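Each of the two complexes below includes chain A, the first together with chain B, the second together with chain C.
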Partner chain A sequence: MTAITILVDAFVTALEVPRSEVNESLEYNSHKQWDSTAHMILIAQLENDFEVMFDIDDIIDMSSFTKAKEILTKYNESISF
Partner chain B sequence: MNWEQLITLPVYQLNQAEKMPLFNQQLVELAHYHYQHSENYRDIIDFLYQGKLPEDEVPALAVRLFKHHLLKSISTEDIFRITTSSGTTSQQVSQIVLDKENALRQQKVLATIMKQWLGGKRLPMLIIDHPKVIKNKFSYSARGVGIQGMSLFGYDHTYALNEDMSINIGAVSQFIDKHKDQKIFIFGFTFIVWQYFIQKLKEKNTQLGIADAVLLHSGGWKKLQDKAVSNQTFKSQLNTVLGNVKVHNFYGMVEQTGTVYVECEASYLHCPIWSDVIIRKKSNLAEEEKNGIEGIIQVNSLLPTSYPGHALLTEDLGIIIGEDNCQCGKKGKYFQVNGRLAKAEMRGCSDTQS
Partner chain C sequence: MIVLITGAYGGIGKAACFSYAKNATRLFITGRDQDKLNALVAELTQNFSIPIDAIAADINDNAQVKVLFQHIAKTTKRLDVFLHCAGTLTQQPLMMSRFEMIQNEIASNLTSAVLFCQFASKLMMRNKQGVITLLSSIVASQGSAGQSVYGAAKAGIEGLVKSLAKELGSVGIRINAVAPGFIETPLVEHFSSEEKTMIANKTSLGRLGNVDDIVPVLQFLSSSNARYITGQVLAVDGGLVL
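Moving on to the complex of A and B:
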């Protein structure tokens, strides 16, 4: 599986949203499914799927689908989306 | 100074001469901001101060006002979340209106303060509550908000209780065993930690033997005071049952989420740089000039921008112990909370105090 597929899958699973809604315009707190409870579920999902451990500040900063890509890349340079 | 700069200030390092001029200037600016942007706040101030904000002071609103009115400084379409107090002790709950910016700021400030006590790294986290407490979505209870806010500092979040408040001993043992070589983070509300965890483990004669942990707890002592449980008793019984655990109580309220007051090793609560505590006399609500005298706690915070909650007269009694000279080394005011104001002594909801 490619990194982008894993990432989209993680969002679909954690936020319980249809695949079609996981795109560049998906933002924390704008989409009703992506609230603070779902956010921690998403964090756990991404950490599991990409084998990383985020810093506290990055969890707070991960405010969009786009931002998630950027932060993940910072943790693992071999990931490209 | 804007928030990008304010957030970079050291949490507990500035002394009175360094902090207060800066803090007071910001607080006055914030009061003017709310006076301009909040119709409710303007109405209250205009009524009490003959049509204008006093120049030499920042008036405090009685915290109970938030139980009776939806006070906001933003337009309805910018409301992102309304947080509420738990409402277990009274039927009325506080309603706090947040926009995205204010909600994010609360989280960032809380994170900055908590890192001082937990360290910068996330720790395996044991939550002394049951998982259903965070399930309700749009409107969060104070308990849910508290757990949610603290979850950020942990990973492998494990709930220690079942829905009927019994201990999920299987989950707890497994968690402790799994993380036995690491420092763990335990969080819960004071009464729940005591009643449903410590006391139950004690009854069962169970000792968990935790090697290294930090426990943060909050939510008030009232129910424990009724049972005559002191902070010292709480800590010593907790250590007997759980093991090597550093215990920090913290004081805070849903009306000023973010700026929490954490208890140091010397058992005093400390003001972070973004908030201030004032003690007022019960008799006439004048500011208590001397430290060491009990009165009503007023909390001032620079965080609230979407609602006029920057200066609040609480219903709690406390004592300022000192400023800049706590034995733990932190600068700023340090204090203790003694309990709640008796019902008969509370002022009407329209009462405010400068």
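Moving on to the complex of A and C:
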């Protein structure tokens, strides 16, 4: 499974949104499903799926689907989206 | 059931380790001193065959706590029960308390609990279930001369439990605290026998508590029997009025 598929799956599972809504325009607090509770679940899901443990600054900073890709790449340079 | 216990070789912590080793599938134990942890592991493995990971960490050091949780995440990918037994008690009138001592007392008893809850809940969220139990103290609600900083920190624990229960309930995580009364552990060994007798006389049950009075309550709170209990502080004090 590719990294982008894993990432999209994580967003679909954590935010409980259709796959079609997981795209570059998806942002924290702008989509009704991505609230603070969903954000906690998303972080847990991403840490599990990508086997990383985010710093608090990055958890706060992960404000969009695009940003999630950028932050994950920082933790694992071998990941490419 | 994957269990993490801090302050593992302390009075309540050690008793909790022996109790949880009976029904856990894996036990993670932590404390500051690796030698003491290893000695505890040796004792535990004489009686139980479950895997036990002993990881030394300073509960006030964010980086060390992160390494501990990275180890848990890598090893089991989950955490079901977190029990925060670590803490310190410095008996000192406020007027004679140095700033460093005040900071350390707050850090060991409160900030560490906040930090561990942050990491533990993140790991529990992966499975949308988990139970956190913190240790408060009767001092939080009743006060005790010479324990104002300790009491303030423990009152903070109770505030933490109330708010975090609201924050984490929707993701299947329960959090409660136990507020022990005077329990005979190394934490209170500096009390004289006269002082202990005086305190025992202030309890309804007429005796001091011991770790066996506390651990079954910890077990209950983390069991499915307590599945509808969260955000509570349960006094286990023999009816002590300070």
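Assume the second predicted complex is superposed on the first by the 81 of 81 C-alpha atoms of A that agree within 3 Å, B and C clash if a C-alpha of one lies under 4 Å from a C-alpha of the other, contacts with A are read in each partner's own complex, and residues count from 1 in each chain.
Please note the rule applied: a contact is a pair of C-beta atoms (placed from the backbone, for glycine too) under 8 Å apart; a residue touches a chain by one contact, two chains touch by 3 or more.
Keep in mind that what you see is a predicted model, and the values were worked out from it rather than measured.
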Which superposed partner A:Glu51 touches (first chain B, second chain C, both, neither): second
Touching partner for A:Asn23 - first (chain B), second (chain C), both, neither: neither
Contacts of A:Thr13 with chain B and chain C, given as first, second, both or neither: neither
Contacts of A:Ile60 with chain B and chain C, given as first, second, both or neither: first
Touching partner for A:Asp35 - first (chain B), second (chain C), both, neither: first
Footprint overlap on chain A, comparing chain B with chain C: 37, 40, 44, 47, 53, 56
Of chain A, residues touching chain B in the complex: 29, 35-37, 40, 44, 47, 53-57, 59-60
Of all residues in chain C, those that touch chain A in their complex: 66, 69-70, 73-74, 77, 118, 121-123, 125-126, 128, 170-171
Contact set on chain A toward chain C in their complex: 37, 40-41, 43-45, 47-48, 51, 53, 56
Of chain B, residues touching chain A in the complex: 80, 100, 103-104, 107-108, 111, 115, 120, 122, 134-135, 137-138, 148, 151-153, 155, 157
